[in-house]
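Going in written order, the chains are labelled A, B, C, D and E, and every chain counts its residues from 1.
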Amino acid sequence: LDAQWCKDVHIRFFVGGAEGDAFGTIVYNGAKQAAADLGPKVDYIFSGWDVEKMVQQLREAVAVKPQGIAMMGHPGDAAIMALAEQAHKDGIKMMYQNVPVPKVVAAFGGGYVGAQQEQQGRALGAEAFKLAGLKAGDKAIMIGPFENENRGARERGTVAALKEAGVEVIQLSSPPSGEWASDPNLAIPVITAALLNHPDVKAVGYPGGQMLGNVPTYMQAAGRKPGDIFNFGFDTSPQIVEGFKGGWVQLTADQQPFLQGYLPILSLCQQAVLGLAPMNVDTGAGFVTPQNYEIVAELAKQALR
Amino acid sequence: MGERIIELRDIKKSYGQVYALGGVNLSVDRGEVVGLIGDNGAGKSTLIKILSGVVKPTSGEILVRGKPVSGWSAARSRDAGIETVFQDRALAVQQTIVRNIFMGRELTGFLGWLKVGKEIEEASRLMREIGFTSKVFTPQSIVGQLSGGERQGVAIARAIYKQAELIILDEPTTALSLTETAKVFHFVRQVRASGRSILFIGHNIHHVFDIADRFVVLDRGKVALTADRSEIKSADELINFMEDIAHPGGLPGLHEASGAEQRA
Amino acid sequence: MGERIIELRDIKKSYGQVYALGGVNLSVDRGEVVGLIGDNGAGKSTLIKILSGVVKPTSGEILVRGKPVSGWSAARSRDAGIETVFQDRALAVQQTIVRNIFMGRELTGFLGWLKVGKEIEEASRLMREIGFTSKVFTPQSIVGQLSGGERQGVAIARAIYKQAELIILDEPTTALSLTETAKVFHFVRQVRASGRSILFIGHNIHHVFDIADRFVVLDRGKVALTADRSEIKSADELINFMEDIAHPGGLPGLHEASGAEQRA
Amino acid sequence: MSKAMEPDLHNPLGGARGQAADKEWNHPSNHWLRGFVLDNRAALGTLGVFIVMMAVFMFANPTVFTTWYLYSSVLTTLPVALFVVVPLVFVVTCGEIDLSFPATMGFASWVFALVVQAGYDPFLGIAAAIVTGTLLGFLVGSLVVYGGLSSLIATLGMNFLLRGLIQIINEGKSTALTGLADSWAYKIFSSQIYGIPVQIFWAIAFVVFSALLYNRHRFGAQVKVVGDNPDSAKQMGIDVKRVRVKVFVFVGIGAAIAGTFSVMINFTWWPTAGDGYLLPVLASVFVGGTPTWGGIGTVVGGAIGAVTVSFIQTGVVAAGLSGFYVQFFNGLIIILSLLGHKWNQARYR
Amino acid sequence: MSKAMEPDLHNPLGGARGQAADKEWNHPSNHWLRGFVLDNRAALGTLGVFIVMMAVFMFANPTVFTTWYLYSSVLTTLPVALFVVVPLVFVVTCGEIDLSFPATMGFASWVFALVVQAGYDPFLGIAAAIVTGTLLGFLVGSLVVYGGLSSLIATLGMNFLLRGLIQIINEGKSTALTGLADSWAYKIFSSQIYGIPVQIFWAIAFVVFSALLYNRHRFGAQVKVVGDNPDSAKQMGIDVKRVRVKVFVFVGIGAAIAGTFSVMINFTWWPTAGDGYLLPVLASVFVGGTPTWGGIGTVVGGAIGAVTVSFIQTGVVAAGLSGFYVQFFNGLIIILSLLGHKWNQARYR
């Protein structure tokens, strides 16, 4: 195989979030790396996590008839089904990321790259329960986009796991317009209020990299010291690494967004050029803890992990 | 002089703490021209706004053809045959002449769809009637393109459209030149000749004196004088009366100026 | 009659295809009252807007005290001692009387901070001077609370504030009652007595005839007549002249009306 | 007495003084085509912007832009936007604005989803959605008009409030309506005919009807007059408040239809349904050439504006630029359109 | 001749005709307190809304609302909003609106981040950010004013355009400024004194300065007059366009400071920085009692509005309601405030 063996392939890649959001940027970098390594022409699509918009973008993507589309699974089986059928008819290879769409995959094929959201969330909950030394009857706060069924699936999983272990969970919904993702400072008073309202809270979980990276600020605003509260969440970033360094952050489930960018492109290239079967990869691999955070530090700085 | 078209009895109106009208009686009979004069802030505009239903009186009674009415409103006033050319002209300057003339009483057919052709035709006729025709403007021209005088023409055309029984003109010659003032006068005479009535509000006492059959002088929200044409010999008599009620003592600056009035 | 304060030479102004002014010459000397009359749309307001720098002429020359000026603007016009009371009064109705009087020339101290006390004091003085005082209103009252006549008072107070050399009054007695018209006249005479000049625009030829030292008649964007007071015997002569230029043949409706004018 | 008898000016000022009392009216533009262009300059300007934009895109990537599928995919969701853009032209002409339509879309389509999920016929669902939209429009309109509030802020507040209600009740859960595809309602409103999405026909019918309503019906005439000079309209006996409320009701109805169409396209109702339309729809109205100051506007221009805005993202990506460029081009098209309309439109207010 | 000599009315109409030429001016409200209340009714109304809201929250959860940390955490982020809310009061008073400030915040703070990352002193970064904000404000203002565009839509377009530029260049990457905490600039602008976040002092100073600028300076006087009657202002020799551009520049400066403060709170610049402030800041201005029609407004009211809006979310959470209620309460507070101001304020336009 040539270095750029995939160079005649045209792919549409759904980054998912808004331009510049922390998670999306790493996914984007993964995809760009794949495009650079393999040579396909890739169109990048941003939706700001607006599901209606995503479906329309998928419709337009199918219309353009690229060889492959890497789509976010957020709109759900029902919304994607008809378009997947069309793609199938037109011979477009499909990959789905981040949220699985089992019925669509069963009907018209396609692979999935991403954590099994609910599963990853549950795993994080269990891990946090263990590492924080929680007991039944303890209190924890979980923040998440609970107003969005699909986007909130992961955080719902964490809540479920903690609840099953007997922990009392206070759920905080982040505003649907995504203000906390674009500026996590806006959540400072809210988190403070929640901590004041429940002073005996032992652990706080955050939905994504931007907020988890801001943990030191939240804790200082609420008058807490490093280690007072077990802070955990998803994703990695330079700020989160700093959080580990300062002892503010104790646990993060790294869903390896870089792979969520790289692998779908790789798989679509393999399907289009080599005729291989679609990949199914669970990227929700590991946990980062104060013991191992240094491994990801440099990668996080380059927005690769 | 024929039937009493409208009568106001003991009308009072206050804006917050300001009393604009403090018990005014006024009536207009068929075919007469009533001249309403009075100082600034005397309440003339307020009174005609009440007549035309735009403003609700604080208290008092309104009688149309002898019958008291309730729920008086702008729409009911127009139904009763009262049309008003307001002091501020009340035109929608971004709309066509047609749309201004038929504002609020569009010519509609089935289910409210406009009869566009009919409207243009009628508007042409009305404008021609009052002498506002031009090579430059059509009934479909935008009012914003017209001069002040031309706009007054549109307002007058609008008022005469509905063969109203009483037409109220609030300072219609304000900001009008001699030529156009003359036109308005010509029109007022024509309306009177056709047996309809006019309520003419003005500051220029010479103008009002010349046109009216009866005079009503408002002073600080009250009627200070009601007089038939026959009772008054000249405009100067009216002017003197008005100065008297305004400045019982007399002010030097004023006499100097009113002298000027008399000289003219 | 003294120094020539301002002179316009061959001023032309077109709005798109409409010629508002087609080569006008006009001058005002110190201490004289010039009456500018003309039909609707004759271009009077346009002319004074050019004088006050609000509108730029299409071509022509402006001379201040004999010297041609370039870059004429509203600010420069005021610097040259020209103050204007516009036809539409130009008041900010949500602001206080003080803010309106000092609009555009706030009394400021260090770094542009307002001298609030001084402004109130000055405004009181000005308003008292022209006779607009009241128990209900203070210099800090909102203009929106005032009646039409009272607002005209604020506009006039604003114009006299800066001991201007030339004060332009565009139809200042429009919508004013006799009493307040008299006040304006009184004020105009006082200004002339103090050696300053007035350019008085009006439709009421009687008013203008009475006050002016010199008459300028505009017709369709051109000067149709310039005459000294001494050259004209009566207002009626002026009225006849204006009718002649407007309707060389004569129109029946107009004669009827102008007869009324003469009778008054 | 010096009488200056200079020659008359070559201009039609005479008319301004009513000299020519016996002459007939005369249109300044005698040729019908010129009259047509003058009467529709805003809409034609918008069309110009659209054509230039598409030409640029086509030049950048001719293959994609000659594929029918691309157009049919845009035509599938364009109707959703059109059903709100058009009533918004009425609202803006009336001198108001309505930012609450996204929540109304979400609310009305939620009712639709509930009815369909409960097993009733989708037609009933559509009827229920439209009733909901009407009521919400009436509620918002009454609040603004009878409460005397600034519509910009009050409708923003109502958007929050209604969306908040949806969220409180649904707690983020969406509803999938998989059975919808077999219903008659779906065939009539959301299938394809010869590869053309059928909803575009409904949307075109709506635009044409609304354009007539705007230009040839008492409602449109009154909306324009009210937006132009409400005092005047009131003095002429028009029930200004009622007209104002009516335009909000019209938006409510349009938003309800739009929301329902959106659900039928996606077979899913999301609690966020409609939110994504706020900015594109607003931009469409103004890109379309309806000015912000009220009194005038153009329904057809608004529709073309919606088409333009719909194609920006598609075009940018198809032209091979990364998604990072979409926002930039959105801004650029808005600014350029505004400048174009500014230059194209005389303003009398 | 029938002369009706009825008794005089018990009202001060005499004054309207200048009869009392020799009488002195007289304030309608002689007591200074009444005058103060009348002059500040909008701000006081906003304060009333705030107090009622806080009373409800406190009643729901007394413990949390008597804890200082709650207030100190709000006081950390509030200054960011205040630095934009206050200049926006000027813009709205001037009859305009500016929706481009979020992108200006992002742009200016990006420049700050670049300068600091390059190893220069943060003070230099702040200066560079302010220069950037000034230039962007000037750009946006010039476009609106000299282009004669509707500020609502043109600034919305500029917000897209500028944010698009940031995105295109950064491709989504954020910048961490970990060294910032040790700098003098941080100590002066972003640390704590006796547990009070120091930025609130700067914000209060800014509000007081701006309130004086608004009420006691030529700039404020001209802004109000221009918003009230631009024709009049022009005739009186005020350079209306310049005043208009100046208010946009003021917003640019405020947004630059706000953006910088925001970066200093958590040492990170995101390409989305500022976006989250659009709606809360707008809501603050109008909750604060500045009406949309221009000519009047209140800086102090706007500041209190910002405090109110900041506390809504916090209060809802502290009161123990789920986050789903936040939007609902946002909407409710906006609507209630508008109704309150409507009832509280006389309108002369």
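Throughout what follows, a contact is a pair of C-beta atoms (placed from the backbone, for glycine too) under 8 Å apart; a residue touches a chain by one contact, two chains touch by 3 or more.
Chain identities (UniProt): B, C = Sugar ABC transporter ATP-binding protein; D, E = ABC transporter permease.
No experiment lies behind these values; they were computed from the predicted model shown.
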Chain separated most widely from chain C, comparing mean CA positions: A
Per Cα centroids, the chain farthest from chain B: A
State, to the nearest whole Å, the distance from the C-alpha centre of chain B to the C-alpha centre of chain C. 27
For chain A paired with chain C, centre-to-centre distance based on mean C-alpha positions, whole Å: 72
Separation of mean Cα positions, chain D and chain B [Å, integer]: 41
Between chain E and chain D, distance of the C-alpha-averaged centres to the nearest whole Å: 31
Could you pull out the residues of chain C that touch at least 2 other chains? 39-41, 147, 149-150, 177, 179-180, 183, 246-247
Going by the contact rule already set, what residues in chain A reach two or more other chains? 19, 146-147, 173, 176-177
For chain E, give me the residues that contact two or more of the other chains. 12, 16-17, 21, 167, 171-172, 279, 322, 324, 326-327
Enumerate the contact residues on chain A facing chain D in the complex. 12, 15, 19, 41, 43-46, 48, 50-53, 55-57, 59-60, 62-65, 75-79, 81-82, 145-150, 152, 173, 176-177
List the residues on chain C that touch chain B in their complex, please. 38-42, 87, 147-150, 171, 173-183, 185-186, 189, 203-207, 209-211, 235, 239, 242-243, 246-247, 253-254, 256-258, 260-261, 263-264
Chain D - residues contacting chain E, complex: 143, 147-150, 152-154, 156-165, 167-168, 171-172, 279, 282-283, 286, 291-293, 322, 324-335, 338-339, 342
Counting only contacts in the complex, chain B reaches chain D at residues 52-54, 73-75, 77-78, 84, 86, 88, 90-95, 99, 102-106, 108, 112-114, 116, 124, 127-128, 131-147, 149-150, 153, 158, 177, 179-180, 183
Show me the residue ranges of chain E that touch chain A in the complex, using the header's touch definition. 61, 63-64, 67, 69-70, 72-74, 76-77, 80, 166-167, 170-174, 176, 178, 262, 265-268, 270-277, 279-280, 310-311, 313-315, 317-318, 320, 322-324, 326-327
